[in-house]
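Sharing a structure here in C-alpha cells format.
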Amino acid sequence: MTLVLSALILWAAAWWLNVRLANGPTAHTPATKLLVPVIFGLTLLIMWELIVRGLNVPLVILPAPSLIAARFAQSLPILWADFVQTFVKGALSGYAIGCAAAFVTAILIDRSDFLRRGLMPVGSFVAALPIVGTAPILVMWYGFDWQSKAAVVVVMVFFPMLVNITAGLQETTQMQRDQMQTWAATYWQGLWKLRLPAAMPFVFNGLKISSTLALIGAIVAEFFGSPIVGMGFRISTSVGQLALDMVWAEIVVAAIAGSVFYGVVALIERWVTFWHPSQRR
Amino acid sequence: HSDNSVKLQLQWVTQAQFAGYYVALEKGYYEEEGLDVTILPGGPDIAPPQVLAGGGADAMLNWMPSALAAREKGLPVVNIAQPFKSSGLMLTCWKDTGITGPQDFKGKTIGVWFFGNEYPFLSWMSQEGIPTDGGDDGVTVLKQGFNVDPLIQRQADCISTMTYNEYGQVLDAGVSPDELVTFKYEDMGVATLEDGIYVLEENLADPMFKEKMVKFVRASMKGWKYAESHPDEAAEIVLEYDETGAQSEAHQKRMMGEIAKLTAGSDGSLDEADYQRTVDTLLAGGSDPVISKAPEGAWTHEITDEALK
Amino acid sequence: MRSVVPVLAVVAVILAIWYLACLPMNIHTALTNAERAGVAVQPEGAAERRDRSGIGLALTNPGQWADTWAQDKPRLPAPHQVLAELWDTTAMKKVTSKRSLVFHGWITLSATLLGFAIGTGMGIVLAIGIVHSRAMDMSVMPWAIASQTIPILAIAPMIIVVLNSVGVQGLLPKAIISAYLSFFPVVVGMVKGLRSPDAMQFDLLRTYNASRGQTFAKLRLPASVPYLFASLKVGIAASLVGAIVGELPTGAVRGLGARLLTGSYYGQTIQIWSALFATAVLAAVLVALIAGAERMTLKRMGLGR
Amino acid sequence: MSQATVIEAKNLDLTFQTNDGAVQALSGVTLDIAAGDFVSFIGPSGCGKTTFLRCIAALEQPTGGTLTVNGMTPEEARKARAYGYVFQAAGLYPWRTIAGNIRLPLEIMGFSRAEQAERVKNVLELVDLAGFGGKFPWQLSGGMQQRASIARALSFDADILLMDEPFGALDEIVRDHLNEELLKLWARTGKTIGFVTHSIPEAVYLSTRIVVMSPRPGRITDVIESPLPKDRPLDIRDTPEFLEIAHRVREGLRAGHAYD
Amino acid sequence: MSQATVIEAKNLDLTFQTNDGAVQALSGVTLDIAAGDFVSFIGPSGCGKTTFLRCIAALEQPTGGTLTVNGMTPEEARKARAYGYVFQAAGLYPWRTIAGNIRLPLEIMGFSRAEQAERVKNVLELVDLAGFGGKFPWQLSGGMQQRASIARALSFDADILLMDEPFGALDEIVRDHLNEELLKLWARTGKTIGFVTHSIPEAVYLSTRIVVMSPRPGRITDVIESPLPKDRPLDIRDTPEFLEIAHRVREGLRAGHAYD
C-alpha cells in the first residue's frame, strides 16, 4: 500500500513540476519542450513500477518496467531481427508502395471528375473493411513472408493517402488557377508548379497518419501467419509462452519505431513545407 | 457469484474437442453435483494460463508442455485430471514432395502452431537433430495460421494437423488420403500429453476448492464417457452451444468420432508413465529447451482418487 | 445524386475485374477438382501446376472457368457467392439466430457504440484540458501520438485479462479497446476546433470581460462543432474496428469479429468476405448517421449553407 | 474639448519581444482624450495605431509610461466594461443570428432576458437593421455585417467606443453612408470615440481631432484639431476648409513615411 | 485615342446560372478600348467590373454579344499570352522566393534561363524591389507583395495589362506611391491598361477614361473622358479640374447605387 501511495504522491509532485515548467519563463525553450513530456512519461513508468510491485501483480499479467527493460537489454539481437523483418521489410516497403499507388491514382482521379465521383465513395467503403478480416485473406494470397505484410500495409495506407492527396490537389484558390490560365499553362505545368506544391501540407498529413498505420498493419498481419521472425510473431508466441516481458519489449520497440517514423516524416514536412503558416514561427 | 461456481477456460473455440464438458453441462451432471459451471471458449489470442493467473477462471484445459512451461515461468499450475490419454497431433505432408520419413524434412517448409503448441515439434526436431532455422540442412518453419490453407495452397510442404480437426479439413478440401503422408507424434514416440485439467497450486490448499474440483472432475468424466458412447448426440450438443454459428454438423460429428479415440483409454487420472514420457521429450529439446529441469509437484492424483472412488 | 452514375460505373468495373480475378486465383483448385473427377487438364499433376501462374493455367483450361466461380472454399469467392451468403445470413435467418449476421452485427454494434461514447467523452475532456492547460498540452500530446503506434491487437488480450482479473467482463472490455482507438481522432479534432477562433474573437470577449467558462461556452465550444463532427466520423469507424479487434480475444464467441475469425479457422472464405462486407456496410451506415446529425446540427446552428 | 479628460496617456512605450529581436511599437506616446471627443488615428501600416487602441482597451500591456482611463487603469476600466470595441472585420459568430450576436455581450454581462431583448431591438434600429435580427451573418452584405458589429459594440452602452478600421473592407459608397450614420450616432449619444483609419477623407470628415502617427518606432508626429462644425453633410468634403485640413494631414503623413 | 482599337465589346451579356436562379452579371455592355488607353472601371460591389475584366481575359465566357481582342477571340488572345493580369490579392506562391514567383510565368512560357534571369532583374528594378529577389513573400510587407505581383504580370511583357483592384488592400500612402509608379510605367511602356477600383480619386488620377458601372443587371451607366494631361504629379488631385471630374464620377456612382 505504501508503494501505491508513494506512486500517487509522485504523480502529484511531477504534475506540479510540469505545471511550473510549462508556465514558467523557459516554457518556449526546446529543452523544456522536451523535458515536460519526458517527465510525464517517466512518472507514468515509475507509477507503473510502484503499483505493480505494491499490488503484487503476477508477472504473467503485467510485468514491471524494470523487468521489461532487462528483457529488452538481453534480447537486442532478437528484437533487431524482428524489427528488420517487420518494419524494414514489411512496413516500409508497403508504405512506399501504398503511397506511390495512391499518388498515381490521385492524379488519375484528378484528371477525371467522373472517376473521382465514382471512386471516392466506393473507396471509402473499401477502406472500412477491417484489417483483421483482410489480413488473413492477404496472407493466404501472398504467402507467409513479408510480402503479405507489405500488402496489408498497402491496403491500409492507400485510402488515407488518396483522400489527402485528392483534397490537397483541390487546395488551390480559384484565383491561383485563373492565374495559370492567363499564362496559358498546360495541365502538367499547373500541376507541377502550382497544385503539387500547394498540396504538400495535405500530402504530409496523409503521410503522418499512414506512418502509424503502416507499422500496426505489418504487426497485426503477422498474427495471421508468418515465418518465425517478426514483431507480431514474437508478440503472439510470447503471449502463448507467458513471456510477458518479451511481449512488452516488442511493444516498446513498436512504440519507439512508430514514434521515430512519425517524427522523421514530421521533420521532412518541416523542411518541405517551410512556407506554410503552421510551420513558420 | 456463488461458492459452488466453477469457470472453465477452454483452449480453443467451442468444438467437439471439448464435448465432454458440454455434455456434462447439458445433461445436468454438474448440476447433480451442485455445481454451477460456466464454460469460457478460447481463441487464438487467449492464453489459458494467463486467464487462470488473472482469476478469470478456476480451471483451465491445457497441453502439458505449455502448462509445464508456465510452471517454470513462475505460475504454479497443477494437473488434476487427464481425460485425454493419447495425442492427436500429427504432421501432414504432400506425398509428391518425396517425404517418407523425418530424414526427408531437410530443406522443406513446415507449418507449426505456436502459442505454446510449438513445444512438441521443437522437441521432436531436436531429437532428430534437424535445425529449425531454415537452410538446406534444416527445416523452414512457418507460423501456421488457423486453417489448412498453407498446405492446400502449397505454401508449405507439411503442416501441423490434429487427427480430429485439421486433417478432416484437408480431406474436406477434396484431397484424398493417398495424396498425403502423415506422421503421428504418438507413433514417432514424441507424443506429449494434450488436454488436461489444470488449477492453481495455491487454490488446492483450500479444502473447499478441492472438494469443488472433485465434483467437477467426476461430472466431467461422466460427460466424457457419455460423449464417447453417443458421439452424434454429443456433437449436436456442441453445435447447440456454439454461439458463432460457424460450425457444420458433419465436421463436428467426424471430430467427435476422432476425439473418442483419444479419450478412450483414460478414466481421468494421469498415467505417470505418460507424464514421464512427456517430461523426457521436453527435456530432450536441444538448444531452446521448453523446460530446463524436471518439474516437481506439477500433478496430483488427490482429486481423481477422490472423484473415482 | 450526380454521383450515382459514376459510382455504378465504377462498381460495374470492379465487379468485372473481380470475376476475372477469380479465374487465376481459383484455377489451381478447380483443376485439382477436375482432375480428381477424371477430367483431362493441362498440365497434369498438382505438383506440376504448383509453380505455374494462374493466368497461364486459366488460359489453357477454359473448360474449368465455371468452377472458379462456384467453389466451396475458394481463394477468392465470386461476388454472387458473397452476395448470396450475405442475403442468406441476413434476410433469410431469424435475427435471434446465431447464424444471422444481424445478430452478430448487433453484438458488435453495442460494443462499438459504448466504446465510441467512452472514447468521445474521453477525447473531449482531454482536448478541453489540453486547450486550457499548457502543462497538459506539452506533456500529454506526444504520448497520445505514441499511444497510437502501439499495435492494439497485441495488447487487446492483455487488456481483457487485466480487466478480467479486476472483475470487469462482458461488453466493457471490448468497449474500452474500441474507445482506445476512437479517442485519438477526437482529441486531435477537438483541440484544433477549440483553438479555431482567431485572436480577434478572443480579444472581443476580453473587452466584455468574459470569464474562462463564458469564453468556452460562447466561443470555443460552438466554434469546435464542425471539427467535432469531422472527427466523430473518423472515430466511429475506428470504434468499429476496435470492437472487432476486442472480440477476437474475448473468446471469439459472438459478433462480426468472431465471424471473421471462425471463418478463418475453417477456411470459410465466403463467410469471411460476407462478414467483411457486413462490417463495411455497418461502418458506412454509422458514418452516414453521423453525417446526418452533422447536417442537422450545423443547419440549426446556421452553419449549414 | 472643455469636458473632463477620459483617456490620458503619458510617455507610453510598448516593445514587443519577437523571435528576431525587439519591435518598438509605441514610443513616448502622450495624448489626452476628452469626454465626447472623436479622435481619429491615421498613419502608415505598422505605426502602432492598433497597438495604441489595444493598450487603451487593456488588450496589450504597455512596457513604459502611464495610461489611465476614467482615472482607473485600463485593466480596471475593462473589468468595469467601459469599452465598446469594433474590429476591422465584423467578426460576427456565424452560428448566431444577428440578434444573437448583439445579445452576446449582454449575456456575458448578465443582463436580464427582458433587458436583452429591449436593447437588441433598440440598437438594431439605431443601425438601421430592424427586421434583420433573425438572419444569419452570411445572409447579409458586408456593410450590413459591419453595422451589426457596431450595434454589438453599442448594445451595452459603454462610454468609450474604440473602432479599428471598421470600414476598411467596404466600398466607397457604403462607406460614405456608414460615415454619415456614425456621425449622427456620435452626435446623439455623446460617446468618446477612438477611430483608426487609413483614409484621409474619412478621418477629416469624422473627427474633432486627427492624430497622425509614424512608424519605427511608432510615435505621434502631429495632432490636428478640426475646425469643421459638428454638423457635417457629405458635401462638406468638397469645401476648401475640408481640403485644407486633408492637405495638412497628407503632408503630415508623407513626412513620417519611409518607403519600404 | 487615335490609335487602333485593341478591345472591342459589343452588346456583351453574361448570365450566371446559380442554385437560386440566374444572375445577370453583365447586360448590353458596349465599349471600345484603344491601344495605350488607361481605362478605369468603377462602380458599387456586384456591378460586374470583375466579370467584365475576366471576359476580356477569357476567364469567363460571355453568353451574348461579341468581344474581340486584337481582332482575335479572347481565348486566342489568351493562348497568345496577350494579357498580364493582376488580381486583388497578391497571390504569390509562398514556397517560391520573390524572384521565383516572377520567374514562374517565364518558366511556363519557356523562356531560356538567361532570358529569365535578365527579365526578373529588370522588372524587380522597375517596381523598386531590387535586392528583395531572394526573400519569401511572407517576409515582405503587403505593399511590397503587391508590387511583386505587378512585376510578375509585367515580366513577360504582354501588351494588355488587366488589374482588378490591385491596391485595394494597401494603405493610402503606399497606394499613392504605387499609383505614381504605375503612371510612370504606363507612360514609359505605352501598354493598354484595364483597371478596376473602388476609389474615386484613384480612378480619376490614373485614367484616360473612367467607366462607371451599376448593378442588377451590371451595365455601363457613364463613360467619362479625362481632360487631365498625361503628366500628373500627385498634387493634381487638389486642382479644381480634378475635383470636377471626381464630382462627376461620384454623381454617376450615386445615381446607380441602391442601398441594400
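Read from first to last, the chains carry the letters A, B, C, D and E; within each, the first residue is number 1.
We take it that a contact is a pair of C-beta atoms (placed from the backbone, for glycine too) under 8 Å apart; a residue touches a chain by one contact, two chains touch by 3 or more.
In this text, all values refer to a predicted model and were calculated from it rather than measured experimentally.
Counting steps between touching chains, the shortest path from chain C to chain E takes 2.
In terms of the stated touch criterion, the partners common to chain B and chain C are A, listed by label.
With centres computed from CA atoms alone, A is the chain lying nearest the middle of all the protein shown.
Across every pairing of chains, the maximum count of C-beta contacts belongs to A-C.
A separation of 85 Å divides the Cα centre of chain B from that of chain E.
Separating the centre of chain A from that of chain E, both taken as means of CA atoms, is a distance of 49 Å. Put simply, the C-alpha centre of chain C and that of chain D have 54 angstrom between them. Residue positions 61, 136, 140, 223-224, 236, 239 of chain A each touch two or more of the other chains. Multi-chain contact residues of chain B, defined as those touching 2 or more other chains: 44-45, 47, 50, 53-54, 145-146, 149, 153. If you check each pair of chains against the touch rule, the ones that pass are A-B, A-C, A-E, B-C, C-D, D-E. Those residues of chain B that touch chain A in the complex are listed here as 44-45, 47, 49-50, 53-54, 66, 69-70, 73-75, 114-118, 132-133, 140-146, 149-150, 153, 155. Residues of chain A that touch chain E in their complex: 173, 175-176, 178-185, 189, 193-194, 197-198, 200, 273-277, 280.
For chain E in complex with chain D, the residues that touch the partner chain are 44-45, 128, 141-144, 171-174, 177, 198-200, 238, 243, 247, 253-254, 257, 259-260. Chain contact summary for the complex, chain D toward chain C: residues 54, 57-59, 78-79, 81, 83-85, 87, 89, 91, 93-97, 104-105, 107-109, 136, 138, 156.
Of all the residues in chain C, the ones that touch chain D in their complex are 200-201, 203-210, 214, 218-219, 222-223, 225, 301-303, 305.
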